[in-house]
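Consider the two complexes below, in which chain A is the common component and chain B and chain C are the respective partners.
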Partner chain A sequence: MITFKDVSYSYTPGAYALQNISLIIGDGELVAVLGENGAGKTTLVKHINGLLKPQSGSVIVGDTDTKKSTVANLARRVGLVFQNPDHQLFAETVEKELSFAMVNFGMPPEEVTKRVNWALEEFELAKYKEKPPFLLSGGERKRLALASVLSYDPQTIILDEPTTGQDDRQKTRMANLFKQLNSDGKTIIVVTHDMEFVANFIPRVILISKGKVLAEGPTEEILTQKEYLERASLLPPQLVDLSWKLSLSKPSISFEKVTSEALRMLEESRR
Partner chain B sequence: MAIIEVKGLSYSYPESAVPTLINVDLKVEQCEFVLMSGPSGCGKTTFCRCLNGLIPASYGGTFDGTVTVDGLSTTEHPVYEISQRVGLVFQNPENELFCTSVEREVAFGLENLALPRQEIRSRVEEALSLVGISQLKEKSPEELSGGEQQKVAIAALLAMKPKVLVLDEPTANLDPMSANSILKILVRLHRESGVTIVLVEHRLEMSAPYADRCVIFEEGRVVLNGSPQEVLYSEKANSLGIGIPQVVQVAKSLSARCGFEGRPLSSKALAEMILGAKG
Partner chain C sequence: MSKMLSGFEFRRGTTIFHKMDPRAKLVYIVLFTALSVIFLNIFVLIAIFFSTIPIVLIARINSKWWQSIWGSKFFIAMIFLFNFVIFVFSPNLNLMSALLTATSMSIRFLALISIFSVFFLTTSPEDLTQSMVQLKVPYDYALTFNMAMRFVPTLSRETQIIMDAQKSRGLEMEKGNLIQRIRNYIPVLIPLIISSFRRAELVADAMESRAFGASKKRVSMFILTLGWIDAAFIIISALGFIGILSLRLFLGIA
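Let's look at the complex of A and B:
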């Protein structure tokens, strides 16, 4: 379990990036963190792996108070994939990038090889094995950053904007992997602006705005509320927008539900 | 007249075994708004680098064919000359930001054009307020959030007022309302000032309704090139695994299930068609 107790943080005195955040993310949750640019999402998640320490309040990960631990200690359990992959990638080749953390954590060589090969396949990077990471495309670099964290198998996985640079097929693949890891018991936290991705794949949402928690709850419940969306500078997923424009009594993020309502309306009008 | 003309363009990066672009032919007319997409790694960013001459000038490699922008061949004119006509926002703008403040960052390109101070100041202010980041002007780019940095890169581009804007996933880190307002700025520049726009995106739902044309790459080749309707409703687009908007998918499902004939690109258009059918 991850607990934020009344956490505040500011980079510059007087301007809160996080203000009195209290929040619980349970073990084995798959949750999205949404909110406007500058809302404090990245600041929030950097508190979970101890990169930032609360200036007041506390962050408890499992039974560890992050203030009493180090990033190196937390990293084995909490993997963070940075918003900008270039902050993370540094090795000479894709393969070395993937094995770095595992070697560091002292995993046996056979295990490292097995996992590197898994990651190369899963993220479609096999053909770039020997290539320097900075010569990959934007989407490929993002996938490599993701792969290098997922391959060492941390219990909690935080992904800051994982879908940037990804086409739909990659996103679906990624989502299926998240679901599978989640059903194996991993806690997964996805920071994103990609409303369609959230609507399609992520069951719970935490809305952050201006350094505070604005709302949290099941995805459909949160994403169908105009007021919340507006306050966090979000726009509804297309299916919700369509539901509103058709004045459906129950706006939905489900393709099947919205489509069958539309079908019913069309058929009625033909009678 | 075509403002961008690409003929028989093939390109391989140095030491790369396979070509990244293969025999690309593409014309973009003045004032056109072209939306580009395609699977990750298909060559979109590489193509953008060709449009302002960064390829081959800074990257080397093997370059065949011609790229002509506003009458200038990119292999015969230096990058700084081309880039006054073609402004490029990179996919990962943070890596391009190096000044000590947002204001200086946006002014940087203008100073290089040797514009009068007053002109520079007013263009900087205008660009910052257009993008909605005036309050950040004294901050250092490294003290900004990911989306804020992206907005700085966009403001710096707009301040230069080039004839052609090339934007490589400019909204990837923007919240949906900011993404929408940037798109609205582009649409206005395109409609009111005749600026030519080439926009690379993976998420097509927001921009497709505004584009004149949609070009899809696959493994270094242009495989689809037509109106957004033609492209997004095609079988090929579906099989490529690019981001077909949900509205298009609903309309396609309605067409299969009850012979619905519209090809809407926005939820507004689809809703009007459905409600309109009620008469």
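Let's look at the complex of A and C:
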């Protein structure tokens, strides 16, 4: 379990990047963190693996207070994939890039090989095994960065904008992988602006705006409220937009619900 | 490392030193850099270092300037050690003079850091480019310099992000003996260099797409003019230069 207790943080005195954040993310949850540019999402997730320590309040991961632990220690349990892959890729080959974290954590060699191979397959990178990471395309580099964290099998996985630059096929693959990892018991936190991705695949959202928690709860409940979305500069998912335009009594993110509701209204108007 | 770089990063300011024509400041840094290189006498170098302090106070850049000085402690230690070792192993070993030379070298470096920090903290990249253009430096070179300068803040932020990203994958920068620690920087330096190249390429493409270099003749939006404060500063710098240089010419202090 990850607990934020009244956490505040500012980079420059006087301007809060996070202000009195209180949150609980349970083990095995799959949750999205949404919010406008500069809302504080990246700042929030950097607190979970100890890169940032709360200036007031506390962050508890499992039974560890992040203030009393090191990044290296927390990182073994909390994998954080950064927004820009170019900020971490450095090895001579894709294969070495994938093993970097595992070597740092001192995992046994046969385990490392096994997990590297798993990642090469899972992320469709096998054909680049011996290639330098820099020669991959933007989307491939992004996937490699993701793979290089998932490969060491952390219990909690945080992804900062994982879907940017991915084509639809890769997005769906990614979503399926997240779901599978999640059903294996991993906690997954996805920071994103990709509303369709959230509406389709992620059951719970935390909405951040101007450094504060604006709302949190089941995805459908939050994403169907105009006021919240506007305050966080977010576009509604298409189905929600459609529900609004059709003035459905119950806007929804589910295709079945929206169509059956729309049909029901149509029937009614015929009578 | 990233802290130190921000000690060379321009911040807007309203003091006379900020408003001064960059050409006047250039005169100062050229002359005083020359002095720092010419002299090895410890007291002269200390004097050159202290000559920057009134400017720091006038320009009110104490804390940023201090970041550049304090941030260079690692390099200074390296320079000291390096020079000391070289002199200790030279054939006619003299411990005292080895110590003295190593100290002078370190102070020379400190003086240079201070001079350049003062200059870059108070001079906007745009003004500097314009002054170079007015000094008849070809525009391409002036612009290259300008862009290099403007990447300093980006670079320091980027270094921080990269360090965070690698720490998140279990890299412990502070672990191991000296060699190991230097090796620990590889995962930080490589992404830094590569993303700089990537960005340079991007910027070049973006500029060409906006017709950079399409016409031979460029026009400027602003023209810099030398005022009496600039002239006074140039004269003070020149007098200081002549004063210190005459120590060598007439008193034989090296």
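By our rule, the second predicted complex is superposed on the first by the 258 of 271 C-alpha atoms of A that agree within 3 Å, B and C clash if a C-alpha of one lies under 4 Å from a C-alpha of the other, contacts with A are read in each partner's own complex, and residues count from 1 in each chain.
As a working rule, contacts are C-beta pairs under 8 Å (C-beta built on N, C-alpha and C of every residue); 3 or more make two chains touch, one makes a residue touch a chain.
Being a predicted model, the structure only gives us computed values, none of them experimental.
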Query: Overlaying the two complexes on chain A, which is it for chain B and chain C: clash or fit?
result: clash
- prompt: Which partner, chain B or chain C, touches the larger number of chain A residues?
  reply: B
Query: In the superposed arrangement, which partner chain does A:P237 touch: chain B (first), chain C (second), both, or neither?
result: first
- prompt: Touching A:S99 in the superposition: chain B (first), chain C (second), both, neither?
  reply: neither
Message: Looking at A:Y11 after the superposition, I want to know if it touches chain B, chain C, both of them or none. Which is it: first, second, both, neither?
response: first
- prompt: For A:N49, is the partner it touches chain B (first), chain C (second), both, or none of the two (neither)?
  reply: second
Message: Output check: A:S209 vs chain B and chain C. Expected answer is one of first, second, both, neither. What do you get?
response: neither
Message: Output check: A:D86 vs chain B and chain C. Expected answer is one of first, second, both, neither. What do you get?
response: both
Query: Which stretch of chain B would you flag for clashing with chain C, going by 21-29, 57-65 or 93-101?
result: 93-101
- prompt: Considering each complex separately, which residues of chain A are in contact with chain B in the first and with chain C in the second?
  reply: 84, 86
Field: Residue numbers on chain C that touch chain A, as the complex places them
entry: 158, 161-162, 164-172, 186-187, 190-191, 194-195, 198
Statement: chain A contacts chain B in the complex at 11-12, 35-39, 42, 83-86, 135-140, 143, 160-161, 164-170, 172, 193-196, 232-235, 237-239, 241-242, 245-246, 255, 258-259, 262-263, 265-270
Sites on chain B touched by chain A in the complex: 13, 37-41, 45, 91-92, 94-95, 143-148, 151, 168-169, 172-180, 202-203, 205, 240-247, 249-250, 253-254, 257-258, 260, 267-268, 270-271, 274-275, 277-279
Residues of chain A touching chain C in the complex: 46, 49, 51, 70-72, 75-76, 79-80, 82, 84, 86-90, 100-101, 104-105, 134, 148-149, 152
